[in-house]
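Okay, got some structures for you below.
Both complexes below contain chain A, partnered by chain B and then by chain C.
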Partner chain A sequence: MTALLLELNALVLGLFIISTIAMTVTRQIGACMQIFIVQSLLLAASAFLLGAAPFSWHLFALGCVTVASKAVIIPWLLRRLVPGEIDRRRELSQAIDVPTTLLIALGLTFAGYAFAQHLVHAADNLSPGNISMGFAALLVGLLLLAVRIEAVPQLLGLLAMENAAFLAGIAIAPDFPLIAELAIAFDVPLLAFIVALLARIAYRSMGTTQVGGLASLKERQ
Partner chain B sequence: MTQSIALNLLQIAFVLLLSPLFAGILARCKELVQSKRGPSIFQPYRDLRKLFGKDERISEDSSWIFRSAPYFVFIVPLIVTLLIPVLTDFPLFFAFAGDMVGAGFILAISGMFFTLAAIDGGNPYGAMGASRTRMVGFLAEPVIIIVLFTVSFVANSTIPYIVQQHWVHPIANFFAPSHVLLLIAFFMVLLAETGRLPVDNPSGHFELAMVDESKALEFSGRSAALIKYGGYMKFVVLSIVFLNVLTTPWGLATNGSPAGLALAIALVAVKILALIAVIVAVESSYAKLRLFRISEFLAAAFVVSVTAMITEILHL
Partner chain C sequence: MTLLAIPVIALAAALWCAIPRSARAAPAVTLGAAVVAFALSTQVLWALRFGATLAPARGWVETDALGAFLLVLIAFVYMTAALYSWGYLNAEGTTARRVRLYHANFNLFAFSMFCIPLVSELGLVWIFVELTTLLSVLLVSYALTPEAVEAAWKYMILTLLGATTAVLGVLVLFWALHTTGSTDFTWAGLRAAAPHMPQALLGAAFVLLLVGYGAKIGLVPLHTWLPDAHSQAPSPVCAMLSGIETSAVLYVLLRLRNVFAGDPALHVGTWFALAGLISVGVAALLIVQARDYKRLFAFSTVEHMGIMLTAASILTPFGDTATLWQMLAHAVTKSFCFYAAGIAVIVTGSREIADVRGLLGISRVASAGLLVGGLAIGGAPPMAVFPSELAIVRAALQAHGYAVASLLVLFIVVAFFGVMWHVTSMLAGPPVTSARHRVPVTCALALAVAAIPVFVLGLWIPSGLSQALESAAKVLGT
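And then the complex of A and B:
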């Protein structure tokens, strides 16, 4: 039973890393957000699978909170607050082109795996794959945060990093204190809310949310 | 040995007789999804019969390459059929004559002759299609090679009959992250190589936007029929490699009994139909990529395949 759950978890991990690469390669903001929803659901699936065998209601709670906040509330908030960015603008802009970003992402994945090897040996954990994949996805999320120019795709990169950190976290500490679950339940949607509000204001006054452009923001005469 | 050769012939018959049907089903399903009625699923057979019965026109300035290319395109998928497990999970007569790399090289022969013939015909669209197909081919090749590397890391072999056993013994291999990554990478290459939608629109009639189709514009009559037929068979052969060797090695005949073979034919057909359903879903939900975005699509496939290899090497 436990072996089957761990095997299914390995499958989920493979799909998780694919969703991370897919987020790197998509050019549409809407599609990027949908992949983020899928990624969050995969994180929740991993939490459910790891939480089922030696039963841990902490992991189940984490899965439920993830589904509620990242797959439902955050997409709803973003669509509500910055519809112009998500539905009307089709393509996002990047500081470097997609193939280069992909190559860097590949290098970061490799680096993430290599670093995580030490963590895997150090920690006594359920699923070593979670740590490696989580670490690799964390670095790729950081890359997304760096190369995406507009606010919403940057926010998605940040949230992808968050997902990755939790993917690694659930394998290291299956019995999370409740406070951590509450933190993501309130903190992350709130973060998305604030960034989306800022993006909304920037979009209204400039017609774009390119963060680099904020440096030259001036008072309208 | 006689049985083994007979089974090889049965595999060829399976690919030869059913490949137009699968093409017809794919076309019909796509039309149904788009709320149209679409042609009958037997339309490819009628098209082939019509083309085989027609006269052929060949440019006076074309060389022997133009005349021989259709035969290469037609025969090569059948040769590959001899090497791969189509219906049985035990090796047949030609099983060890070539591995998956060999099969890839053999498929490349038909691609090369078809490309040369398209340029040889003198039609400007042919040369354009040829250069575009080569571009897609060059970008797809590294992905295939890395996928094969990964396969050989997993199974210590690239003989398809040996590889397919490794995904299910032990079953943990089937769920390994590297397996999923490898499948996605190969599926993306499958779409690119068989001219399906995110890369090429198989039902497009606009010559300037064609990638694969425009190479066949100059062929008529029997040559056109052979090329069409070869295209249907290439799709089925690549699907079988994807399904029987890489994805789901279940449902194949374990011995040569007629009942087992009949069941295997039915199950393999069901698997191909399932793949067709997935392709219909992909084709109905994605628009064709602009020519210079194809490199991004295949770069993504490459990154996925390299990630699969790294994941496998590090035993994650």
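And then the complex of A and C:
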């Protein structure tokens, strides 16, 4: 891999973790989804850069499928199934306030980075930065899932975690069997479809998609 | 071809049920598909009972005695649940469209479970495990009540969170395999390469996979989705979720144990025993304080998963046989329990234990079902769970795991008395209500069919099944 490609990839990785943190503190669902699209495009960009020299058609295929499924199909599906959520609602409800969330996100970024250092030196890999940023973004994605109350941002949190896992994955398993990669990629739109459908059912039966606040099912004393 | 026909039949039934105006025939088509799938699965297990392998596409689609054993369990519960669903949905008084969509989704769910033991490439295994969640979420929310939606949402988020953790584990494991120069990402390939993998990667993969798949099998503290989903889902769906979906994912963990157990520094047995015993202990206490009888049986599933994980921690051939024996007993008994609970809901209209009194005077079928189910799942002789739990305790004692055996016995006894205390309180006393509905014929029939192995396997294991169990345990090969 050339030095230029490595530097460009480092830039992409920096933007990837910034976009993940931005998703946790963005107060509008529409903006949150736009940032998710950017995050997915950054994942694809990293796959293209790592797959450029030496050429890896596995990584190019993964990059293309990521763009198609996460930057095109999923946003389209969400706009079709829960249009009111994305276009009309403005402010998001959040379990923890924004400054605290930001502080926790920064702490998790360092924790993920530190954990990954333990693995990075264990064996050869394409890009240690991908592994570190992948683990860091995975933990930040988990935070996003925990602090959001509405259905769509929770879904975006799950998908952000999956992007993070694949950001690490392209550096540690660049020749992961293609059939599994493709199947995983097609699994993601199905996931978005089911979640959006359930969000729609929730809205119809409860008049809200604030699924994070649901707590009627527990052992009564 | 027989092997591939099993999931294809379930998929074809799903597609047929998805066609508009198929509602009237959907229950019969589903039942027909399930009966054929059960017959074919039994044929596959019979063919592989001495330890051979069937590989329609080596490296991708192949199975052995262990996979075939799981296939039969899935097919049996799929068959009885299909029979049960027929009358259950009628009793619920739903629309033709919803009946059709239920059956389409139900068959798709069965399809995803059949694929787990049929594929040998770990990436594909992960995909089908995730599909079991995606294809069952809408079955859990079937009632469309706020509580059902809440249960489905919690089920989905927690298990998909586990799946995302597990996918990173799969990728790290592939990385570890790659360092050995091998690209054979199958069960056999991983096992052969495991001794040469870097320990740091193997350890990270183990933790990620145990946590990820642990969420799906309901290990404490990742079990919270289980009682919610089981209290709200239709009873035949509970039978599938509890009886075989959890076991199918446990099967994946058992196969993975083989890969990790080769490295003594990982202490796989210790981690399995710890996770298993915590689950059994917490579940036993949750059983005692349960207020809803469907949740009660769900807690019992957490207990059983813990028992099986503890049995798998013994790491001896007899321990492995006992683990699979328990998996078999759990599948048939837990599905029976949920059928009985579903009948009790139909006749009383309540899931609250406190609301149901004098059930003996309301419905004999529901009473007999709950009584037998409670005794059987608690581990009373002469039913299927008793010899399997006894075998696990014996295996632990043989391996000098006296603390493990003692704790297991203690927790099992607490859980047994917890279950029976609740069940007997529902049966005794004067009836508080009259039967709301008659018990649907197919529900009673499904209960009777499910009861056969519950009783028979407690007294006698057919020689073919016994051979298959031994061959399946040899695949685990400790």
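The rule we apply is simple: the second predicted complex is superposed on the first by the 210 of 221 C-alpha atoms of A that agree within 3 Å, B and C clash if a C-alpha of one lies under 4 Å from a C-alpha of the other, contacts with A are read in each partner's own complex, and residues count from 1 in each chain.
Quick note on the criterion: a residue touches a chain if its C-beta (ideal position, glycine included) is under 8 Å from a C-beta of that chain, and two chains touch if they have at least 3 such contacts.
Remember, it's a predicted structure, so these values are computed and weren't measured experimentally.
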### Task
Consider chain A as the common anchor and indicate whether chain B and chain C clash or fit when overlaid.
fit
### Query
Can A:133 be said to touch chain B (first), chain C (second), both, or neither?
first
### Message
Let me test your reading of the model: by the given contact rule, A:14 touches which partner, first (chain B), second (chain C), both or neither?
### Response
first
## Note on the structure
Value for angle(chain B, chain A, chain C) over C-alpha centres, in degrees, nearest 10, is 160
### Message
Just checking: does A:165 make contact with chain B only, chain C only, both, or neither of them? Give me first, second, both or neither.
### Response
second
### Query
Thinking of the overlay built on chain A, is A:22 touched by chain B (first), by chain C (second), by both, or by neither?
first
### Task
Based on the superposed arrangement, let me know which partner A:64 touches: chain B (first), chain C (second), both, or neither?
neither
### Task
Have a look at where A:99 lands relative to chain B and chain C in the superposition and call it first, second, both or neither.
first
### Query
Which of the two, chain B or chain C, is in touch with more residues of chain A?
C
### Task
Return first, second, both or neither, reflecting whether A:110 touches chain B, chain C, both chains, or no partner chain.
first
### Query
Between chain B and chain C, what is the shortest CA distance in the superposition, whole Å?
20
### Summary
Per the touch rule, the chain A residues reaching chain B in their complex are 3, 7-8, 10-11, 13-15, 17-18, 21-22, 24-25, 98-99, 102-103, 105-106, 109-110, 113, 117, 128-129, 132-133
### Message
Using the touch definition from the top, list the residues of chain C that touch chain A in their complex.
### Response
60, 121, 123-124, 126-127, 130-131, 134, 137-138, 141, 144-147, 149-154, 156-157, 160-161, 164, 167-168, 171-172, 174-176, 178-179, 183, 185, 198, 200-201, 204, 227-228, 231-232, 286, 289-291, 295
## Note on the structure
Interface with chain A, chain B side, in the complex: residues 171-172, 174-181, 184, 295-297, 299-300, 302-304, 306-307, 310-311, 314, 316
#### Entry: chain A residues touching chain C - in the complex, by the definition given at the top
118-119, 122-125, 134, 138, 142, 145, 151, 154, 158, 161-162, 165-166, 168-169, 172-173, 175-177, 179-181, 183-184, 187, 190-191, 194-195, 197-198, 201-202, 204-206, 211, 214-217, 219-220
